[in-house]
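See the structures that follow.
Below, chain A partners chain B and then partners chain C, in two separate complexes.
And now, the complex of A and B:
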């Protein structure tokens, strides 16, 4: 099973190119999607989920032509959008029962699946509470529960960990990793550690194009030999700071300790550091990367 | 330049306090406030920003209760709330000029201060409705910095920013932290850890001061249950 995008374009009115020729093959497992705000990640996901039509290109999902048979794709796909509405007065089983009936699940099968997905996302003990009283993490888990109804082979989750606290994020990541053993899970995020911890593969999008595909380790290597530790007196730092690409800085009273990206040893005094995934991403997408 | 919470109890309406017996002290530098969802981080920040009066205890800035003269306290305060700005039909520059007037910045210096901040934070003079999430976040920061505050309070400033925007925010915060106190709530502490001068971990039992991260690594910190 795989998802295949070939030459996918999306042009919005006013000739705005949201997607500019996307070629991407996504196998079973966790697949991360990184990229600046406005790179086209959500557009790509919405097109995959049949919520939007591409201007050009071809998409096949487990052998099904997405443009010709969107209904068949919808049947094997679950989607958790960035923002989704909830009925505040419903309980989780009531809400899921409603979503299940929209997905065409009937009677006994629906009841069985609702109980099953509630258990999977660890919300069974909250089943009597109205959704208005749910925390951010609980809402996200309920979002995954509704996406899981109908046992889809493909899960598409758009920035699911934004706003979750560290512990909820960890739990949510583990849940997705668990689900990805037999499914395709396509995950977009702005949190580098989400990708490092869970994804076998990652794609970096920028300005509607795919800039990189490969393993998280390969993405790190995009910054190999370009990450430097630099300690400067505060006055010296003031003089040179506009010339440095600073990943992070820590000030003491009269000095600054910096992590810097540069193709060569900055100011001739930097100490080389091993790259992180974030360094690799910043090198790849940064203007100074060429 | 020290902020002190002294056995503070916080809550809404006349109900049970959300937080009780909060005590901590923070001075110059960047302090990260972390803790589970719903524990009351935003409530604590609102109280520090004089938007919520404590039910008990005292909040002191420079040795004086912030409620002794809240107007004077707010001259020294900048606050960036969690919710993104939504200002349809208003240009960024007009909005900043209006806020500058509200903050009591003198007419003659208003324009130059606004222009300076817009240049520093790379803000285009467009309608705010056309701004990207990252620009809205920078605009909210510009608004908080108008009066060059010595106490800057930020509630989840990295949410919705992409990795490059987060990098720029880090560089900016390390500059700002050199000569003021920044209290910053975050759910992703690893994104800001490298700049932090102190950590405050909020549990339902009150703040646990985790001190200087250089002296105490994250590995010996208590895990919430």
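And now, the complex of A and C:
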């Protein structure tokens, strides 16, 4: 089973090119879609989820032509959008029961699955609470729960960890990792550490194009030999900062400790560091403070 | 579809809006029905509650739709394998079902109250409203609410738009209506509920066209629903062709059914124009001439059965109709309010007289030659529902909690109205005001002979000939005559709370005097009468309506509708003996009874009113009380009170009574001597 994008284009009114010939194959497992805001990740996902039509290109989902048979695609797909609301006055079981019905689940099987997904997202104890009283993390978990109803072969999650506290974020990553053992989980994010912790494969998007596909390790290697640590006096740092591509900067009282991307030892004094996924990503996209 | 319907119902039942509107409507209904004013409740349900209910439903639907949109509540559902139209239909159906259920419950409540109280109800009409009119209108407001909630992002703007559509449509309907020509088709969808409880059957549709074509409203609702589907389909980049097709079909249904309204409407206008065109020129001259009497109805002998509790009137009787013109009238026309059903009409010999009773017009199929008379006998009955009160001499009957007041020109018996001859001769155009028999301009011609027997209620029959509102008034109450110690007139329904308050205050003020005079167990009852009815009231000029009753001057009270004036009214009553004793035919009698009133004031209040200590009659009685005690003085007063209708309420009789009761008291003797010499004042 795989998802295949071939030459997918999306041009919004006003000739705004959101996707510019996307070619991508996504296998079973957790697949990361990494890119800065505005890279086209959400557009690609909404097209995949049949919420939007591409301007050109072809998409097949487990052999189904997405453009020809969108309804069949919907039946094997669970989607968690970046922003969504819930019906405040319903409880989680009621809401899931409603979604289950819309997914065509009937009677006992629907009730079984509702109880099951509630358990999986750890919301069983909150089942009597109206959704209006849920925290951001609980809402995300309920969003995943509704996506899981019907046991979809493909799970599409768009920026799922945005706005979550570290504990919730960790819990959410683990949940997604568990779910990816038997299905495609397409995770869109602009946070590299989410990908690093969970994905077997990753694609980097920028300005509507795919800049990289491969494993997170391979993405890391894109920055091999280009990551340096510099310790500079504060005054010196202010003088040279515009010439450096800084990944991070940690200030002490009179000095600055820098993590810098550069093809060669910067200022002739840097110390080489092993790359991270974020380094690889920034190296690839050319992002980072300069 | 079931899933979204069920979910919508859950949401609605847990939101406060549905309950607020429902309880608010029920509360309003309870408020207007207090005092068993079912009639008013029915009317208010039409005029106030139904718009309140529909508007409330519309605004709340807009609000919930807007909220769900702003909170992206449907974002999670967008990618589900579920057709959009089924989701939308389910949502609309859920919203609709919740509200239509409440609507049906409210109308059931109205129906049950009618049954419990015993009013006749036209169940067929009510059923048609429950099952057709209200549900279809709700379908329209539901679709409109969902659509406005989707297209207008700002809540306040949404409410304003909803209110404008709703109220604007109603106002437009009224504005574009043609008097007597029926409703124009435009905005017809929003005019539901405009009917009045006027007939014997309880409810009648005034604008009959409202319910003739519910397809028109249904078409509007479907049009809005299809527009919503189109909008949402475009948003989701789904095919829009089905929605567009829906819009097309709904438009066809709307326009097609509108034809069913437009054509009769246009036809009625055309008919009116044709009538005008066909009129002989001379009839215009006739129309401009002063309206003169054409028919005279006289020698009434009526037996009336009144039931003030249920506001029923059943009457039978005879009268004589005369053609007072020099031309033959083929179909003489009388006025009889549409409230009543004429069940029998014969000549004096028992020969049936064919008639048509449409609206307030009673048309006899019996020609009358010049100067010819016809003796008629008939039976009619009806429930006198509360009617809209009109200004001026065009009076309407108004029903209080426990009374019936029927001005003659309201048409509670077959009356000959001063209609123009052209009308009687059938050469009047439709819609010509002067020719409309339902407008009893000037009231009926007062009959010279009118005999009436009434059973079932206390009776008051008054004649006010010569005034603008001339004719016969019939008032029925369930009280025995001795129970009724006061009748306050000139009080419109709007001043009812004031009237009750005034009655209580008045009763309290009168309490000290009650022991002085007999027949005052129940000091004052308010019979609620709109002041228009007794414009130029005949009450003060006629014999006492209720023996032993204190009859206030209605006109006086009617113009004292400010609370600050209440005391002045009391003062008028207490200071003016004629208000208390109601015998003021002569100056001497006036002075005498005024003296009684001054004494009553002194005895009860412990002080003289103004300079009334100089009143010799009051001073005499006060000497009796001082020398012989209150009871002796009061007994004299009661004896004099008993003389009111014997013709012996005179100074001489007073002196005689006082001599007998307290003549041995020297101070009383002195007062008597002074009174005999100087007179009462």
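Heads up, the rule we're going with is that the second predicted complex is superposed on the first by the 286 of 290 C-alpha atoms of A that agree within 3 Å, B and C clash if a C-alpha of one lies under 4 Å from a C-alpha of the other, contacts with A are read in each partner's own complex, and residues count from 1 in each chain.
Here is the rule we go by: contacts are C-beta pairs under 8 Å (C-beta built on N, C-alpha and C of every residue); 3 or more make two chains touch, one makes a residue touch a chain.
Note that this is a predicted model, so its numbers are computed, not measured.
Asks: Touching A:90, do we find chain B (first), chain C (second), both, or neither?
Replies: second
Asks: Go through the superposed model and pick first if A:50 touches only chain B, second if only chain C, both, or neither.
Replies: A:50 sits against chain C, while chain B stays out of touch.
Asks: Now for A:137: first (chain B), second (chain C), both, or neither, which partner does it touch?
Replies: first
Asks: Mind working out whether A:250 is in touch with chain B, chain C, both or neither, as first, second, both or neither?
Replies: First partner only, chain B.
Asks: For A:104 in the superposed arrangement: first (chain B), second (chain C), both or neither?
Replies: second
Asks: Looking at the overlay, does A:74 come into contact with chain B only (first), chain C only (second), both, or neither?
Replies: second
Asks: Just chain B (first), just chain C (second), both, or neither: which does A:193 touch?
Replies: The first partner, chain B, only.
Asks: Inside the complex, what are the residues of chain B that reach chain A?
Replies: Against chain A, chain B makes touches at 34-38, 132-134, 156, 159-167, 170-171, 174-175, 177-178, 187-191, 194-195, 224.
Asks: Across the complex, what residues on chain A touch chain B?
Replies: 34-38, 135-137, 162-169, 190-193, 234, 246-251, 256, 259, 278, 281-282, 285-286
Asks: Where on chain A does chain C make contact in their complex?
Replies: Contact set of chain A toward chain C: 49-53, 71, 74-75, 77, 79-81, 83-90, 94, 98-99, 101-104, 143, 146.
Asks: Flag every residue of chain C that touches chain A in the complex, lowest number first.
Replies: 2-4, 6-7, 10-11, 14-15, 68, 71-73, 75-82, 87, 236-237
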